[in-house]
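Going in written order, the chains are labelled A, B and C, and every chain counts its residues from 1.
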Amino acid sequence: MSTGTLARTATPTRPGKPPAAPARRRRGGRGLASNLALLAISAVMFFPIYWMAVTAFKPGPEILSYTPHWLPSRFTLDNFTAAVDRPFFWSGVANSLLVVSATVLIALVVAFLGAVALARFEFTGRQLFVAMILVVQMVPAGALIIPIYLMLNRAGQTDQLPGVVLAYLTFVLPFAIWMLRGFVVNVPVELEEAALIDGCNRLQAFRRVLFPLVAPGLVATAVYTAIQAWNEFLLAYVLISTPEKQTMTVWLASFTTTRGTEYGPLMAASTLAALPVVIFFALAQRRVVSGLTAGSVKG
Amino acid sequence: MSVPTVPRRIRSIPYLLLAPALIVIVGVLGYPLATLVQISFQKYGLAELLKGSGSWTGLSHYTDIVGDSFFWGVVGRTIVFTAVNVALTVGAGTLIALLMRKAHRAVRLTATVALVAVWATPGLVAIAVWQWMFDYEFGVVNWLLTKLGAGDFTHHNWFENPVQGLGVVTAVIVWGAVPFVAISLHAALTQVPDEVVEAAELDGAGRLQVFRYVILPVIRPVLALLTLLQIIWDFQVFNQVWVMTGGAPTEGYYLIGVYSYVQSFGVGDYGSGAAVAVVMVLLLALVAFGYVRGLLRKEQTQ
Amino acid sequence: MLTCRSVMLAIGAALALTATAACGGNGSSNSSGKPEKITIWLQPEAAEWSATVDKVNAEFKTKYGIEAVVQTQQWEDHLTKLDTALAGTKAPDVVELGNTETAKYLAAGAFADLTAHKAEFENSDTWAKGLTDSCTYEGKVSCVPYYGGSRAVIYNKSLFAKAGITDTPTSLDELYAAADKLKAKFGSDPNFSAFYLPGRQIFAGMSFVRDYGGDIARQDKDSWRGTLDAPQAQQGLAAFKELVTKYSKADKTGGDRTQDATFAKGKVGMTYGLSWEIDAIIDPKRAGNPAMKDKIGAFPMPSHTPGQTMPVFLGGSDLAIPAKSRNQEWARKWLALYTATAPQSDLAAKGLIPNSTKLLDKVPDAAAPFAEAARKTWFTPVAENWITVEKKSILQNLQVSILTGKAGLPDATAKASKEITEILNTRG
């Protein structure tokens, strides 16, 4: 498993121009520029999030004002208290975590198997399957909601969290399979074969070769799945009736009534809701994407 | 790359691998999809929904839609809107992913946190925040533009002119979708071997050449998928338009998602709603299949 | 090996989930006898009077031995959820709807017919007209009025005092005069509105139409005719336009999303709002300002005819029993308890308009002007396709085009009337 194998297969063509200017110096300068550019973009991207979070700490009259308050004149936790004290906050969090982890776990396993099939095998019906998962993505969820409900209703799965997980799986699986396929395709078969020849069995070959190289894809797919499931509103709302079983997103909608929207608590609640996802991903990103892959490809 | 290696003798393996996915997708969506197609040929309103059966009307929903010149105007607007949104999203996402590859660790982490924070914001909240930013009375954007001397934006209504309004909607959508593209592409970029990039650079390849000949071939499957998904999603945009226009969009705001809601689902005409959905899928499929076929072929020839 | 095990674990977990779910069904009701419980869907406002709901449920339990389970719903996508539930087999036994949302369901026969049972409901002979209308279709009553929200002019007392206005206006002319005084005193502030009124507020514009004797649509026999192009309706809209263009800095093409926050800034002399907007103005959670507490007053919107009030659109909620409910008899008994005098008095005490005109005097002083205004109400046409007029924003677009001067009154009203006629007469 030398990097050479990987390099050869991954570079179809190499531009054959004569060596020009000192590449090294230019690269350093570009590094600074791209770092600054990235910081600037991040700042723009982050601004609405900042606005949400800072609003959560503002006393009421400052939430909307003619001259923007970039920071609250005094930090208040009232909005957070109001959010957390609202009925069904904790059950909402727990249900969302449950639904998200079940969806992610099942989706990853099922999608990975499907991705290997699509990437590594030629078989009758392959095109048909590809066509199917693409079409499934194209149908607007709003158009399917009633028949999905009726079907789950017949199966006794309405007002049940597993029913929600099942529905989510159908919406994330097509993408997950297709995405992972892209990653598996990029891992040269020769690598796996080399491992088999070295005396690994199939599982070992999978674990030592394929898995590490596909890990970034798994992480990206997991994040995609997790966030889709975490943010989904319509299916969760329609399928679940019992307030104790509702998810976080549905709970968030309760801040808007005919009396207006409780902006302060809503922003506080969303900040709280986004926090675990951000922290989890920041950790996952560092460990898996940079650490694990870099290590195993080179080692 | 599609050369079957070991398993030619065990033909069932790919089917076994696909079985769980198939069972879930077909099991849950098969019946609803069939129902959708069926009721698109039926008179199916609330009364029929309660009974559980509609009466056949043949192609009438389809002829209504296809014969409606307003509908084709909506389709045209939707295509332009989709093209702009997809181009911006994928372009910005790719740029960010490439920058992240080059960036210092701390900067990369900062960018990642910003991206994930955006991504993890529920749609409902994101729309509320953007509505504030572009608010007629209290909007930060109006305040800022006025301060920056771009003119007097006090009491400027961004939604009075649909072109401007759809511009704001585009900002919301691109902002919300860029993290997904950037993070997925960043993951794909980890499969690009640094050594090859360095070698190419030493050989004097310019930045564009490196991207085109070294990086693009590796990330192409993922990039293609992301583009396709963005096309599918942006083609169906509804919520952002509906909420940001206060639930009362003028005709200049009618994208196909809004059209199908106003014409059918919102008013309980499920039959014609289903027909619009089927037409949408057909339109998308036209784009997608040519595209996917090309993609698969390209992979096979490599 | 590890990978293999985790695969098995995941699959095992999935199977276990499905298995538990399959066993978890709760067959609480059987059609013949008495159910253990009935299910009630209320919208989230009910959290504000949860004590009342609890009291009714306790009474229901002691009286009939049945548990009433209240499941709070959200407004977003609530009709989608209602449609799916009505199509399935697990329909709730009581549901709440906004009163402009009922027509479609009444026409489809989605709710149990209560005409023969009307007498079982206390005060049903004095139900508020705006609410009863929304429950009546082709002579059949299929839902029960729950509560209403009435609109009145909300004004800033301290600005009135500073501008030297002593009496609240009792005619439109007096209202304009007051607005002139406010404008003269504070008009130099670009954010100040003597009368804040966003252009899409159809319940304001259409009230003007009614006040001048116009109508949105009229029914002759079984066909509908849009009548906004009639002279009276045009007069009303002209008066509305004058008020908005002269005195309002609010968004002519927008809704009332920030109306209360603007009022809370003290930049608004008067506005037209619902009784509970007074709470929103002083509620810090809704971007309001508690310091405004003693500065807010209200009076009924005056008519152009001196001494009279302008007809008000009574927004609100109704409660219905889905025709698919298997516990209709018990649902009716619960409804009878929940919409009776005692719980309605609780709601009135919160400033809401109770379902019966008899109970209007239970409303506290602060909300009294709203109750006063609610003595003269109007309602949108109860036509099967009315919801299409709403979803297509025909009235909103009419107002916006008039206010921005994009179209003249005769053209704009003719166009809207034609559209309304077409939509309301479309058969199924």
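Note that a residue touches a chain if its C-beta (ideal position, glycine included) is under 8 Å from a C-beta of that chain, and two chains touch if they have at least 3 such contacts.
These are the chains along with the protein names UniProt gives them: A, B = Sugar ABC transporter permease; C = Sugar ABC transporter substrate-binding protein.
Fair warning: this is a prediction, and the values are worked out from it, not measured in the lab.
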Would you identify the shape of the chain contact graph, picking one of line, ring, star, complete or other? complete
Taking each chain's centre as the average of its Cα atoms, which chain lies closest to the overall Cα centroid? B
Does A-B or A-C have the larger number of C-beta pairs in contact? A-B
If you average the CA coordinates per chain, which chain's centre is most distant from that of subunit B? C
If you average the CA atoms of subunit B and of subunit C, how many Å lie between those two points? 35
Please compute the C-alpha centroid of subunit A, do the same for subunit B, then give the distance between them in whole Å. 15
What's the distance between the Cα centroids of subunit A and subunit C, rounded to whole Å? 39
Multi-partner residues of subunit A (at least 2 other chains): 64-66, 109, 142, 146, 150, 166, 233, 253, 261, 263
Would you please write down the residue numbers of subunit B that are in contact with two or more other chains? 20, 49, 124, 135, 137-138, 261, 265
If a residue has to touch 2 or more other chains to count, which residues of subunit C qualify? 11, 76, 80, 83, 87, 191, 258, 261
Tell me, which parts of subunit C touch subunit B in their complex? 11, 76, 80, 83, 86-87, 104-105, 107-110, 190-191, 200, 249-255, 257-258, 261-262, 323-324, 385, 387-388, 391-393, 396-397, 400, 404, 428
In the complex, subunit A residues that touch subunit B: 3, 6-7, 10-21, 23, 27, 30-31, 34-35, 37-39, 41-43, 45-46, 48-49, 51-52, 64-68, 109-111, 113-114, 116-123, 125-127, 129-140, 142-144, 146-148, 150-152, 166-167, 169-170, 173-175, 177-179, 181-183, 185-189, 192-193, 213, 216-217, 219-220, 223-224, 227, 230-231, 233, 249, 252-253, 261, 263, 266-267, 270, 273-274, 277-278, 281-282, 285-286, 289-290, 293-294, 297
Sort out for me which residues of subunit B touch subunit C in the complex. 20, 43, 45-47, 49-50, 52, 124, 131, 135-138, 154-155, 157, 159-160, 246-250, 261-262, 265-268
Show me the residue ranges of subunit B that touch subunit A in the complex, using the header's touch definition. 1-5, 7, 11, 13-15, 17-18, 20-22, 24-25, 28-29, 31-33, 35-36, 49, 92, 95-96, 99-100, 102-105, 107-126, 128-130, 132-133, 135, 137-138, 140, 143, 175, 178-180, 183-184, 186-188, 190-193, 195-196, 199-205, 209, 213-214, 217-218, 221-222, 225, 228-229, 232, 236, 238, 257, 260-261, 265, 270, 273-274, 277, 280-281, 284-285, 288-289, 292, 296, 299, 302
Quick check on the complex: what are the subunit A residues that touch subunit C? 59-61, 63-66, 78-79, 82, 87, 102, 105-106, 108-109, 142, 145-146, 149-150, 153, 156-163, 165-166, 203, 206-207, 211, 233-234, 237-238, 241-243, 250, 253-254, 256-265
